[in-house]
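In the two complexes that follow, subunit A is the common piece, with subunit B as its partner first and subunit C second.
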Partner chain A sequence: MTLALDSMPLGKPLRQEASRDDLVKRGFMVVIGLYLIVALGAPLFVMLSKSLSTYRFDLTAFEFQVSDDTGGNWSAPVTAADLNARLNAVADVDLTTNSDGRLAVTKFFPDFKFRSPVHYRLRATGEGASYLVGTQLQKGSDWQDYDSGTFRRIVLRPSRGLGLENFKSYFSTPALARSIYNSILMASISTVITVAVAFALAYALTRSRMPLKGLFRGVLTVPILVPSLLPGIALVYLFGNQGIFQLWLLGHSIYGPIGIVIGSVFFTLPHAFLIILTALSVADARHYEAAASLKSSAWRTFRTVTVPGARYGLVSAAFVVFTLVITDFGLPKVIGGQYGMLAVDIYKQVIGQQNFEMGAVVSVILLVPAVLAFWVDRRMQKRQVALLSARAVPYAPKPNRRFDALCFAFCCLVAVFILGMIAMCQLAALVKFWPYDMTLTTRNFAFDLMDGGGWAAYSNSIKLALLTALFGSLVVFAGAYMVEKADGFRTGRSIFHFLAMMPMAVPGMVLGLAYIFFFNNPANPLHSIYGTMTILVVCTVTHFYTVAHLTALTALKQMDPEFESVAASLKQPFHRLFFRVTVPVCLPAILNIAIYLFVNAMTTVSAVVFLYSTETKLASVAVLNMDDAGDIAPAAAMGMMIFYTNVAAKLIHALIARGLLARTQAWR
Partner chain B sequence: MRHALSVEPAPPTRPQPAETAPAYLDVSGLWKSYGDFVALRDISLSIRKGEFVCFLGPSGCGKTTLLRAIAGLDLQSRGAIVQGGRDISTLPAARRDYGIVFQSYALFPNLTIEQNIAFGLENTGRPRAEIAARVAELLDLVGLAAQAKKYPAQLSGGQQQRIALARAIAISPGLLLLDEPLSALDAKVRVHLRHEIKALQRKLGVTTIMVTHDQEEALAMADRIVVMNHGVIEQVGTPTEIYRHPKTLFVADFIGETNQFPARVTEGGAVEIGHSAFLCQTDGFAAGATATAVVRPVDIIPHGADLHAGMAAEKPTTPQNVIDAQVVEMEFLGMFWRTRLTAPRFGDRVLVADFSVNAVRRLRIEIGGAIQVEIPQERLLLFPRSA
Partner chain C sequence: MNRRMLCILAGATAALSSTSALAQTQLTVYTAIEAVDLDRYKATFEKAHPDITINWVRDSTGVMTAKLLAEKDNPQADVVWGLAATSLLLLKSEGMLEPYQPKGVEALDKKFVDSDTPPSWVGMDAYVAALCYNTVEGQKLGLTAPTSWADLTKPEYKGHIVMPNPNSSGTGFLDVSGWMQMFGEQKAWDYMDKLHENIAAYTHSGSKPCKMAGAGETVIGVSFEFPGAKAKTAGAPIDILFPSEGSGWEAEATAIIAGSANMDAAKTLVDWSVTKEANEMYNAGYAVVAYPGVAKAVEHLPTDLPSKMIKNDFEWAANNRNAILKEWQKRYDAKSEPKT
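And then the complex of A and B:
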């Protein structure tokens, strides 16, 4: 035995020589990391700084000189501030403006006459002070000489500052500030209802012996296939002013909180249902047997075994629903009436009033609950331990006629609710003029006769969905592979993982607005993608990145961690392992990512509504715009087109999966 | 309780790599630390060409860390590794020369057995026919030619293990690394495979390092065993050396069973245990020093109720080391009886002895009976008392 030293000799720790594989992997990670920074980090940062940007005319920064009638004999220089103090031409509050603010210089010269021989001199002394001569931007402290004809066309531009003024003015606008309360209230009510219903459904499907479970499972996920606007349209037809069941509301209006809650429950139900279903289906029969052998009552077993087992699922579902509702824009836009919601505020501020700073402020406010929900959910997930040990015995429910019948009845009720909404839209799309002329027609599908983009919008959507599915799956899977399988480079990997998790907390509207700020800046070298299909694809991939990333990560984690070591010992480059083993084994997950991205690209409105151009109008946006224009039936028709497409995509996905898997997954 | 060794390892009749064979793998001054935790502490080791070496130790002793450092999978913090005259200390795994088999086998699930074995051969410029021939040869070698078209999931654990081995040696590596290759298998399959691996290794003559925590496995397979504990090498030696002449108390205790007694070294090559003196090798100990005396249960020789009654198994070699004892407990373990004895000369301490079924029957050893046992002088080992 050698005599061991007590402590490690000093000196630089060894560094492994990087193999070609390492360099390639790092290169890839840097590329995808840069993608996430450009597509997510940088736009959000720009938006944040935008929300803190204030614009104000700095009158002390402009100096004037006036000549006599001969055009000579200049007066002493005087600042605009002095002139204003004397004249009171512009009130102090009007000096605060937005980034587009303009102030005509003639305001400071009450005796200004067009076509007089008098000349004017102007200079901008302050840093960042500038003015426009027509459309020409001028700055600098050199005196510029203008005749009166030109002087008339001069406007001052505000200087940019940093501060919380935008937030102050937001909170001092009662209607806007009230939106916060409204949004939280709606999200909370919808969360409670959705999670309760979803739990009951998942409980029925896992703990009873009722028939047709597979069918219900399918029906309950239908809302994922339609834009969130569609339940709004269905509700208009069902309970609106001309609605079939209008009287059921006892004089209340569907436009407002009631409509928002019903619609929100509709479109968030599948998300909550799937999460809770997963949580409940990992039940260990031995716990139930233990409870039964201890003579525990059914209620006590439910309270002490069932609910605790699913509690992380419940919490997770609650956060997902809350975030979805508070950040959704389509539904309140259609059915919200005058009821202000945060996401709609962003839209109104930006599209309606072109007030980008205020849009940024609402975005930042909307980020708070979403980020909070995300953060709490992540922390809860970390505390979750594997409930299902390897030796668990799957729970098999015993028949109980009364309970099974009850479960079946409840599932039928919910299925009728979901299918009823879809059926209502289908009917609306096919009827000539609701409710006066109920003859069937295909006229509502003649989209080219309406505003909104026509059939071109539909084909654009298909194109977007296909491109998103293709590039999204590639980027996401490659990125997840780097996070999971690249060795070393630990900091880089955790930053990357953090970036990949972030989109979950960023509402679509916020992302879309951030993209405007970032890409619509002529100074940005990527400015050229603004208004193209590319930016829509980038935005959509980024918007739905997290779920896809987690799916890929889960699949990769199931791979033996030593595959890479074996390949290295056999002197095979990692890409050979990647294409021969990793990709084929993960193919089911990759296909799931692709269909997830496809369906969401078809239905999304929130982010792309800010980014489409006349060439890249989208079907989902067309639904919104046609509804806005009062063409509700065509809007329903377009919504149904999205639904058909997604159903078809799902079927094709199932076929491909079956065919491809039979060939590549023979080993399973 | 660890596996008891029923038989002492046989003397080395197996062909050993020549003692003088040049070193093939040289590890010197290797350290590995994770933050404050030191996983490997100044490890130096030399392995000869064609040798089968086992890294043996309890979990967390650093044996796998050492293997992964040699493989280039987890770089050591300090120290050098030279393989076949080439300094590989900081080379990435792909540029070293070894084949590896993991505990999980890490077979590619979507490739057939054939394709798995061929994985390292393809992409190297070898013609297809040559690859096919080599794969067939390897399949024959591990006796699984009939399974060539199957997928790993269709094979048993032992078969998967052999495929992983075939894949690792396909590229004829200079060094074969086995990371607990047998620990996921049933006991019977394990014993069977251990012979197969050993035979294969001898046939190929490939220098092999196997990591294991199973002392029986190490004793049965290794030419030399490296016993590790807490990140240091406790002893390097042949199985018999390790078993018969453990250099430290840890090695004595980890390999096989021991009785341990506090002892004091006296004049004239004896130690005092309890109230009496026993003859033993006291080299390296000064008179009056305290020590731990160790004797293995299998080394205790039973002489029956009365040594002079003519029923003794054999004549005691050291009569001074014969003591009178009382049988307190007997436990039947199949091939032998584990017996607990108390002896007045030992004070209150219990002495565990393993007696063959034969001896128990012949000497009529039974619970409550009196017995004389001998602790042979050369089997009583002394170790410095740990503080």
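And then the complex of A and C:
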């Protein structure tokens, strides 16, 4: 990937040589770069190699001898491979298996009878070759003697190798390969709907003079505050077989594509809405005046002025939504029913069948569309040119009663959809036994009596969110500062920027699985953080790094590079400038990064679902586990606790921001 | 620092560490037992053996098994107490379990003990396949309650049955392996082909079908008896049915992880886990326990539950699991598109 940095105008002329300050800055950049390599690059690499780790029955490694009817007079040793060549008992494709593969030895002895006096001898000659007597593991090249009754119970175990067989067997399993199609289909449908709705909303908010714009802006971002599982749970109560509006589905089941699409639209809407809103806010009134003076129709103006102006926003929103849907795990797990999706397949392979290799294969496949979408988006972004020139006149919509009413009605409709889902969860969390006993109770909040981790999980989540917000904003902001404000060292900065952009394209599930492979290796010096809060913080910061990095970068770009020059000419060390000027000026952005990380750490499921331990259970994972065990009402209750916590965090953030900004941003 | 100081320091550290080792052994115990039972089991054991402290690591069966296998080269657990025997057999086939003959194991029902001597795992209690039938929804739809596995293939139940997916749930696998052992392999596949036509959804968890039946999301949930009894106590309008052909079952069991640094304490725990006292403790939730004659009736469950359990060949199930799951996935996952 080439980088945005290359296209930046060349800055000041070269200085003579790097100052001490620059060396310190580079040092910092290397440290944070190393962090990204350890927390992202290396685990992904280990996971890729895991997907190539194969299991195959090595028939040449097993030798047999057979006695006559007296139990003596052993035949000449013969390998299983020779026997198979003669008998064709096992087809070559069936020799490829997974880590739990077992092959009964009697397959190589067509005239085997289990009550005969014939004895058998067996040894494993190859390194790593082993077999099971019943369930007892046997290794080694010493001959072992078995009577026929025991021989019947012997199965061979596969040896480990390296190759592409896992991918072959993935694509030859229709159920698995179908998930690719399903995932892409669901992501595409959801993207079209979400972007259309988000565009209409953003259009209403920027081009009409309808009332309550501020309120709608708030309501439309509410879904960001809840885990993606929650819309799934709400949909079960609304449209499930005992749902309030079950009849609206005309006999269709909510479990499956319908539920996935509705839920996906719910949880991706704020992301698309905010991006498109930004794109539409930047409008030049002169274009509209020109259109009006040319007597162009409203539709033509819309087509030739509004849409082209927002096209990069639209494309960006589309890719964000597509990536979010295809990588999301919580929603299809709850509401997907039998509809196979890639992210759920990873979970099924790893947790259901303990088939780590196949889990890694699905992860690699899940990386492809996400990376592709990311790459196309970056290409498009580079072509974006400044719309708003210095001479632009901000667009101010004129009142139009009918149009304003229409916009207002549409926004109300969407707001009702969003708030309705949340309200449904709150109601479900308070009902004793839906639908047979509708009395209200707080029993569902007694989390300690359920699977999932109890109230401890809730406080763990808050701890994780606080730590992530604190360390995340520190690391991200410092990293972005080094990229933006360090002089020279262009290659290093480019590599760093590339690393910082990568997490966006890595699905959380994939990151989590990669962390198991990487950190749970006793040879890894960082092994000790496995199962601790530290690994959860590292994982969460890394998972949400990109958006935070971009926020910091945008804020830093607004600062004139003259500050650095002035500080240098006054012989001020960079850290003084950093703490006295840069940080205070960028404080709004830093606070935004912190709240972004906090909210996401509260709601994330996909990355941490493989990484939590008994002491570090999380509320979002508890929602998943309680729903999984069928305790849907407590799951909804815990989901609502996450929601309220995030609302409180948002309010506190707003208060702090207001207080601090009054002090530090007076210059604005 | 002079040499005398060093000596004193070294002596002090040694004394400190040895006294704490004498006083308390910390056992890391992995488990999948119900969250509500954790404190009770720990308290009861520690009362009998105050010198040992249990540190629980608990999760669902699938996660726990995956975790143990992932840690194969560097095990973190001393003992596994309360995990499906099928999962323990997976660990055994990887050579991860320490064979040990617990004192008093002879008193246990044979089917609850690993067939090898010394055994690698010993059972605690059983969970038994059962049907949860929602009487209210059944009546609304004019259905009659099924009495056998064969009944489930009747056309009237089409779209009203939920069962766990054997590829993601241990309970799902115990159903499938139970049918194979009762009906024979070929007949079991024929049966499942027909059953598949009636299934509304395959879930990822074994207790969920029963809870779904309890909430009226489905009429019949193929599950096991424990969540059934729990849902009924909570007020769900369900009947817990045991099919006439018999029920597959799974043992919850105990094992020592090979290479444990606390082998003596681990053996003490496993010795205690087979005692009558321990089995009485298991009986609070489970109607069938490994120690004969201990079990008292559990609310909402029949007293003759043991007679409904089939003769379960754990070894056969473990050695055929991979092939069965593969075939199951080929047959039913591929066409398990949403039913509209």
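One rule holds for everything that comes next: the second predicted complex is superposed on the first by the 545 of 668 C-alpha atoms of A that agree within 3 Å, B and C clash if a C-alpha of one lies under 4 Å from a C-alpha of the other, contacts with A are read in each partner's own complex, and residues count from 1 in each chain.
By our rule, a residue touches a chain if its C-beta (ideal position, glycine included) is under 8 Å from a C-beta of that chain, and two chains touch if they have at least 3 such contacts.
Just so it is clear, the structure is predicted and the values come from calculations on it, not from any experiment.
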item	value
Which partner, subunit B or subunit C, touches more subunit A residues	C
Which superposed partner A:Q242 touches (first subunit B, second subunit C, both, neither)	second
Subunit B versus subunit C as contact partner of A:D404, first or second or both or neither	neither
First, second, both or neither for A:D58, with subunit B first and subunit C second	neither
First, second, both or neither for A:F356, with subunit B first and subunit C second	second
First, second, both or neither for A:G630, with subunit B first and subunit C second	second
Contacts of A:G337 with subunit B and subunit C, given as first, second, both or neither	second
Contacting residues of subunit C [partner subunit A, same complex]	34-36, 56-60, 62-63, 65-66, 69-71, 73-74, 76, 89-90, 92-95, 114-116, 120, 136, 165, 167-169, 200-202, 204-205, 207-212, 214-218, 227, 234-237, 314-315, 318-323, 325, 329-330, 333-334, 336-340
Subunit C-touching residues of subunit A, taken from the complex the two chains share	97-98, 100-102, 104, 132, 134-137, 153, 155, 157, 173-175, 178, 236, 240-242, 251-253, 255-257, 333, 337-340, 347-348, 350-354, 356, 432-437, 448-452, 454, 516, 520-522, 527, 531, 613-614, 625, 628-632
Residue ranges of subunit B touching subunit A (in the complex, touch as defined)	29, 31, 33, 38, 41-42, 44, 71-73, 75-79, 89-96, 98-100, 102, 104, 106, 108-111, 119-120, 123-124, 151-154, 167-168, 170-171, 173, 177, 232-235, 247-248
Touching residues (chain side subunit A, partner subunit B) in the complex	1-2, 4-5, 8-9, 11, 13-19, 21-22, 560, 562-563, 565-573, 576, 580-581, 584-585, 664-668
